[in-house]
Structure formats: C-alpha cells, structure tokens
Amino acid sequence: MKTPKKSNWRSKLHEIIHEADTPVGRVFDIILLVLILLSVVFVMMESVSSIDAEYHQLLYIGEWVITIFFTIEYIARVISVRKPFNYIFSFYGVIDFLSTIPLYLSFILVGSNYLLTVRALRLLRIFRILKITRYVGESNKLKQALLHSRAKIFIFLFAVLIISIIAGTLMYLIEGEKSGFTSIPRSVYWAIVTLTTVGYGDISPATPLGQLIASLIMIMGYGIIAVPTGIVTAEYSKASDYVHVNTQVCFNCGVEKHRDDADFCHRCGKELHPHKNEEPSA
Amino acid sequence: MKTPKKSNWRSKLHEIIHEADTPVGRVFDIILLVLILLSVVFVMMESVSSIDAEYHQLLYIGEWVITIFFTIEYIARVISVRKPFNYIFSFYGVIDFLSTIPLYLSFILVGSNYLLTVRALRLLRIFRILKITRYVGESNKLKQALLHSRAKIFIFLFAVLIISIIAGTLMYLIEGEKSGFTSIPRSVYWAIVTLTTVGYGDISPATPLGQLIASLIMIMGYGIIAVPTGIVTAEYSKASDYVHVNTQVCFNCGVEKHRDDADFCHRCGKELHPHKNEEPSA
Amino acid sequence: MKTPKKSNWRSKLHEIIHEADTPVGRVFDIILLVLILLSVVFVMMESVSSIDAEYHQLLYIGEWVITIFFTIEYIARVISVRKPFNYIFSFYGVIDFLSTIPLYLSFILVGSNYLLTVRALRLLRIFRILKITRYVGESNKLKQALLHSRAKIFIFLFAVLIISIIAGTLMYLIEGEKSGFTSIPRSVYWAIVTLTTVGYGDISPATPLGQLIASLIMIMGYGIIAVPTGIVTAEYSKASDYVHVNTQVCFNCGVEKHRDDADFCHRCGKELHPHKNEEPSA
Amino acid sequence: MKTPKKSNWRSKLHEIIHEADTPVGRVFDIILLVLILLSVVFVMMESVSSIDAEYHQLLYIGEWVITIFFTIEYIARVISVRKPFNYIFSFYGVIDFLSTIPLYLSFILVGSNYLLTVRALRLLRIFRILKITRYVGESNKLKQALLHSRAKIFIFLFAVLIISIIAGTLMYLIEGEKSGFTSIPRSVYWAIVTLTTVGYGDISPATPLGQLIASLIMIMGYGIIAVPTGIVTAEYSKASDYVHVNTQVCFNCGVEKHRDDADFCHRCGKELHPHKNEEPSA
C-alpha cells in the first residue's frame, strides 16, 4: 500500500505545480510569478555598476534564495510528472534547468553567473501562469493568420536580406572608408538599419551620390514596409471573415459556417431556414 | 422663497459653464479655450531660458491672471453642479484642481511651480470644448475597434516587452561596456528603441557579432510592426462593414443586410420600407 | 472684323498652352516640363557652394533664360484665358507668379532671389502635364478614402500632438538640461520625433527614469502608429468594395452597381438578368 | 549518328543544369547554391581589412576556384540551351556573365575586381534553386496585388518626392548652414530621411522654427505612411477574396462565387460539379 500513497503525494504535488484552480496551486503560481520577476530584476540590477557596488551582498543573497527555490521547483516538476524526460527535454524544461544551474556552476567556472541572464527566458512562463490562453483563445485568429502568412513573410524577409546585401555592397563601393562604410558586412548592416527605418545614424552616407542612392533605398523601403503589414492584415481579416460569414447550422446535416446569403446548405443541398432570427446581437 | 432664487442663480451658472448652445456659454467656452492654450504657451515660454530672461515679469503676471481665472472657474464648477464631490474626484476635476493649485503652493514650497506643467493635461478639455464628440460619433467605430483589439494589443505589447528584455540581455553580454551597453536595463532600453524602429543611435552595436544580432532583431521587428496594424485594421474594417451595409430586414422574405440605398429587396423583389426613420443617430 | 481675328489668335494660344492633344500643345508641354525640372535643378545647384563657385555665371544665365520663358508663359496664360483674374488668383496662378518674379525683384531687394525656391512648388504642375489624372482616375478611390478618413485622421493627429505636449513636459521635468531637454518646446519636439519613430538622436534621454518613460512612450507610439494605417486601409477597402460589388446594369432602369448576389434591381424591383456572362476577365 | 549523340550529351548537360528532379541535377543545384553563398561570403570577408590581412591568400585562391567553376557553368549553360543568345542576353545570363568576368579583367584593369560585388546579384538565383516558385505560387496573389497597386504606389512615391523637395527647400531657407542644411540637395536628403521615419540624425534642425516645421513634416509623414500600406493591404485582400471564394458557376442557375468547399449551389440547391479538375495551377 506504499506506492498508491506515494502516488497520492505525487498527485498532490502535481496539483500544486500544474493546476491553478486550487487555492494552493494559486498561491504557488503567484509566488513563482513574483520570484521570476524578482530574479530578472536582480540580474538587471547586478548589471548596473552603481547599484551593484552598494547592494552586491543583498543581491547575492537574493539570487541564492531564488536559485534554491528554482532548484526545489525544478526537482518537484521532474518528480511530479509521469514522464520526467518529456519535461526535461521540453522547451520550458530546458529553460528551467538553464536558469537554475548557473549559480552552482559559478563555484567551478569563473564568469558563468553571466548565464543567469538565461532567466530572462523564464519570463515566457508568465504567459502560462497568467492564463494568457484565455486571451490567446481570442487571438487564435491572429495565430492562424500568422501561420498562414508565415511562408510569405519568410520569403519577404529573405528578399529584404538580399536587397540589403546588394544595397550594402553598392554603398560600400560608393561611400568608401571615410563615412563608416568600412567593409561590406558593415554596409549590409547599414542597409538593414535603413530599410527597416530604424536609422541609428552611427553610419550614414556623406557623399552626394551616396545620399542619392540612400534616398532611393529609403523610398523603396517605404514602399516595402507596406508588404508584411498588408499580408498580416489581409490574412487576419480573412480569418475574421469566417466568423463574420457563419451564423447558421443546417438542420439536416449539421454543417456550420454558411455564407450570409445562402438559401441552401452548401453540403447537403437542403433548404436552410430563412435567417430571420439570425444575428440578434450584431 | 430664497432657495429657488439661489437655485436659479446656480442654474444660470451651470448654463454658462456646462452648455455651449447659449451665447454666454459659447463666450465662456471660447475664453476658457484661449486661456488653456495661453497657460500652456506661458509654461512653455517660461521654460525657454532666453525668453524667460526677458519676459519673466510678463509671464509671471500672465500666469497669475490665468490662475485666478482658473480658481474662479474651479469654484464655479464646484458650486454649480448638484453633486460637487462627483466633479471634484472626477478625472477632469482632479486635473482642474492640480492645474490651479501650484502657483499658490509656490509661496510655501520652492519649486512647486514646476507642477504648472500639469496644465498640459488641461489640453484634454479642448476635446470637450470643441465638441469633438461630433467627430467622435463618427469615429465611434474606431473606439469600438480599439476596444475590441485591446486585449490582443496588450498581449502583443507584453510580448514585445519580453522580447526586448531577452534581446537586451543578449546584447549586454555580446557588446559589453564599450559601445554603450553598460547595463542590462540600458540594453533593454536599446532593444525597445530598436524594435519600435525609433533608433536614436545614442547606443548602437559596434562589434560585428552585435551588429549581426541587431540586424536580426531589426528584421524581426520589421515583421512584428505588421501585427498591431493588422489587428486594428481588421477590427476597424469589421466595425465599418456593419454600419455601412446592413440595416434593414425585408418584411417579405426576411433577408438582411441590404445596401444603404436599396429601395427593393435584392432577393425577392418586394419594395422595402422607406428608411426615413432609420439610424437617426448615425 | 478685328476682334474675331484676335479671338482666333487667342484661341490658338489657348490651344497651345492648355491642350496637350495637338502637336504644338504637346511640344509646349514637354518644353515646360523640362524647364520646370531644369529650374529646380538650377536652384538646387546654386545652393551647393562648390558647384556655385565654379558655374555661377552659367547658372545665372540659365535662370534668366528660364525666368524670361516663365514670364512669357505667365503673360500668355493671362491673356489666353477668358477670365484672367480666375487664373491669377488660382492656386497655380499664384505659384506661377511667385516663381517668375524673384529674379526681377533681385534688382531692388538684396537676397530676394532666395524666393526662387518657390519654384519647387511648380513641380506640382508636373502632375497636370503628365496627365496624372489618368492614374488619378484610377486612384480616385484613394482620394475618396482619404477624404472620408480626413476628420478621423485630423482628430488622431491632434491627439498625438496633445500626447506629445504632455510627454514632452514630463520628460523636461525628469531629464532636465543635461541631456538636451533644455526647454518644454524642445522636449515636445523630442516627443514628436519619438512618437513618429523618426528618432534623430539629437536629443535622447540619459537618466534611467527618463529612459523608462521614453520606452513607455515608444511602445505606446508603436500601438498608435497602427491607427491611421487602419483607418486609411479600411476606408480604402470600403471604397474598393463598390467596384468589387458592381458589375451589372439593370435593363429596365439602367441603374449600375448591384450587389454580386442580387436577383432583383434594388432600384426598380425588376428581375435582373442571371449573371452568366458577368465578369469574364475577373 | 554523331549529331544525335552530341544532342544526347547536350540534353544530359541540360538535365544536370536545368532540372532539379534528377539526382545529378540535385547535386549540381546544391553545389551551385553553396558556391554562390561562398562567393558572396568571400567578397564580404575580403572587404573586412582585418580578415583580408590574415587570409588574403586563402580568399584569393577561393575566389579563383569559384570563378573557374562559374566559368565552366557559364559555358555549360550557353552550350546546353538551344538558343544561346536568349540566355546570354537574359537577366540571369547577364548577371552570370558579370559575376564571372571580373577576376579575368583584373589582369588587365587594376581595381576591376571590385566588380566581384556584382556577385551579390547572383543571390537572386537562390530563389530559383530553392524552388521558391512553390511558395511564389502561393504568394502569386501578393504579386498580383503589387501589380495592381503599382501605378498608385508610383504616384504616391512621386508625391513624396515632390513633398521632400518642397520641405527640403523650406528647411534650407530656415536652418541655413549651421545645423547641416548646407545645400538644397542635402536638405532634400534630410526631408526624405525624415518622411520615411528613418531619422539618422546626421542632419537635424537646431533652430526653434526649424524644429517646428520639422515636427509638422514628421506628423504629416506619420499620416502619409498609412497610404501605401492601405493600398497594398486592400489590393491584397481583394486578390485573396477572388481565389478564396469564387471559382465555380452553377450549371443550373448560373450563380458564381461559391465557397471553395461547396458541393451544392447556395442559390438553387442543385448539386455542383465536383471540383476535381479545378484550378490545377493555383
């Protein structure tokens, strides 16, 4: 009778860690959320030399406290799931591990506590804790739209990259060393900075011809920026359209999502009810 | 018979302050509009050292005149409404109070006249005075579209923030102190400046690897900028369609969504009701 | 018999200047187009000190040649139209006058030849000469979309201005003199540079708090930029919809622009032809 | 029997170079892809002085190897096609020639190896090799949308150019030499940098009036950026609708524009033809 008991203890642990509907699970989630945010804030503050100089001891203790909590949490996650390896090699599992280990490694390897910055990735868990899925359900259309336009946007970004390489090479020849275009890779970097309209100004054309070519690239970039927006908008609109279009259910075959102006079911050919009572809330 | 008289005087005051259709109310509104604009201009001019040096006395007098008017206006507003506390603790009430008090406080507290800048918030009242509601009625669809896409845009901006923290941390490790990435918060600030395509150039990557990562972030940001635009456009389009196309239901066949200018049902050919009384508020 | 002859001569002149279908009118238009472009190039080149130093004499002669041609053209335009004052006080009439007069004024007033830059406005005439109306007919929808969204975009830009004033005032208080926020107007200028994602970097926040606020402003601006795009896109889509929707002409009343799925004319109620032969090219 | 044999050998060559479905053709494509990428990387690395100093010999040999391969490939392409001149004077033919010749020219002309940068254009061949046509088929709608909006976007960019010239001329007069507006062409360059929201900051207004005008230009640019996006989005949306919704005509009632997955006409209820053979190229 030992195993079921243990299993019971394990299921209790599973409930605390993985469920948010029980009071204990809720408290656990809130503590985890606060600690993730704190861990990121600590790493950030440690990187600010003036703050680190004054509060180094405090930040060090804070990090150890968080690391110990994360260690316990990691072990608990591993032993509470039925297939530990599924978790260990999952996306979140790897992040959880990598954000726990650096402080221990710092005893062996000097400078490895820089790896603490991996903790920034734990912020992604916030999406889970805050049950963003609620909203994600709403923005499922967005996800679908992005998936549909994935291939197109990939090609588009690839085209932007090739344009950048060609434009960068051209500007390297025109501008030369003086105005910062010291090599083709640097010129390509400049072209990307320009086409994306970021425009740092760390490198900028100085010769009249260079400024002319740069102007053409910018105006071209102005037209180009319209493309991904157009794609996402249209795909998103289309994904929305489905909702806009579909209101009836065929009483014969149960098919949903008819055109607004359909008189007959497009699947079974039976006449549809006249849509008098349709869309009372629209 | 005293109270009704006082109530009469109060209602007169209410008419002047809150109504714009009467001649006196109209004059009051115009004076208020001019004074709000003037007060902002005065605060702005005082902040320009060269102008302040020459016209300090004039600006000081001007501010006192405006402050006294604002004080009278504030008191009048308080006594003219039936439930003064509703006004006092309302959004506009707090702004009105905060933009009146600083000059008085300057006798007690040194430097408190910096609070005068709160007056910039009074500019929001212009929307009210100019009856922008006329246009707002027209752009109600926009409001609705923004409300509908609020949750999605919030998640989106949150995702941008997390991407910025991760990207900033990465760049801090790669670039180090030399090129301005002196701390993680500063690097995150850089990442936000880059992702939003603002690109000041006060901090910019100097190492080849940093420029490569920055290029990837920029191209990613290029794709990301399409998302909020897509959301707002699609939601706005949807909101527009409803108003523009669908208003009537055919009394004969029950078909909905007729053209605004249709006289006959496009399905059964029966005459539609004249849409005289339709959409009186649109 | 003198007047009709003169009228004939005048109508000949009118034909040359105002019509582009006759060979002479065509040649006149091409000469005018070239001279407008040349005049702008000359003014531009004169402003480049190195070019002006070498070719000053040439440019001076060129400008006089163009000025004399423009003078003749202006006089010809005035005498060739029936109501000269309509032309003189029209938009193009004023521009034509202002781009002709500066060189004459330079005898009286020193530096008045700077007014030559008004000639840049003559570039607008290119739209007329090139018969861009052909395309404008096609992009009439765009014009209509912009007109429809005018009020909304105006309110939007006004809101952006108020946000800029409030944000600028806030940053002035936070950043102070050191990092370039020397006055509120300058800070407002910075806020506009930031919100529009231009981001020169001539002024940029240096304090941590300033950078935090600036980051919030940028992320907000990121969301805001979606709004005008959304408005224009939706309005333009709507304007396009009309074309998409309309293909038939009612054989009974001649009304055009029916819904794609209409069986009966929405104006006269007669049954429409089945749209078998419709849209062969779509 | 010699010619058919030769023709056979030629068709074998044609198969290797032009087809990707055979194993040999596949291997050839992959080698070509790798060599094109390598050639661009080599040219890039050679431009970085620190890398060039160390590995000059290696890069030189690498370039010769690639040049020889490209030479063989070019000759093979010429002799393998039936009409060699069609290839030689085609877009890709010219690029292939120009990216092969520079190293040979370097014996005769000093500095002609800069022409190697033309090789960046060979990157465009990647689109072919990777059979991007697969995706292009999918993004054909995008192509169509861009073609449809070509005229409008051209006019738009032309209008932006004219606005830039006028704005640049204005700023030249206002700002003068001190803040970088040294000539009208330079000011126009600044105006383009500003209107496209790139904003390098190499030139930026310093006078209050200049900053005011610049702010107006920026806010205007903010509204302008919405236009090309709106055009592309609307055209793309329209192009999407056609493909997505309309393909069949009901043989019974002639109604068009059925859903892609409709089995029965939504107007008369008759069964539609199975769409097996429909849209084979989409």
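Some observations on this one:
Per-chain residue numbering starts at 1, and chain names A, B, C and D are given in the order in which the chains are listed.
One rule holds for everything that comes next: a residue touches a chain if its C-beta (ideal position, glycine included) is under 8 Å from a C-beta of that chain, and two chains touch if they have at least 3 such contacts.
On a predicted model such as this, the values are computed, not experimentally measured, just so you know.
The chains that touch subunit B as well as subunit C are A, D.
Of all the chains, the one whose CA centre sits at the greatest distance from that of subunit D is B.
Superposition of subunit A on subunit C using C-alpha atoms only gives a rotation of 180 degrees, nearest 5. In this structure subunit C contacts its sequence twin subunit D using mostly different residue numbers, the overlap staying below half. In whole angstrom, the spacing between the mean C-alpha positions of subunit A and subunit C is 41.
Subunit A and subunit B have Cα centroids lying 29 Å from one another.
Multi-chain contact residues, meaning those touching two or more other chains, occur in subunit A at positions 185, 188, 197-201, 225, 229, 231, 233, 235, 237, 261. Here subunit D touches subunit A in the complex through residues 40, 43-44, 47-49, 114, 117, 120-121, 123-124, 126, 132, 135-136, 138-139, 142, 145-146, 153, 157, 160-161, 185-186, 188-189, 192-193, 195-202, 225, 228-229, 231-233, 235-237, 240, 244, 258-259, 261-271, going by the rule given at the top. Residues of subunit B that touch subunit A in their complex: 151-152, 154-155, 162, 165-166, 169-170, 172-173, 182-185, 188, 194, 197-201, 204, 206, 208, 211-212, 214-215, 218-219, 221-223, 225-227, 229-231, 233-235, 237-238, 241-242, 246, 249, 253-257, 267. Note for the complex: subunit B touches subunit D at residues 197-201, 229, 233.
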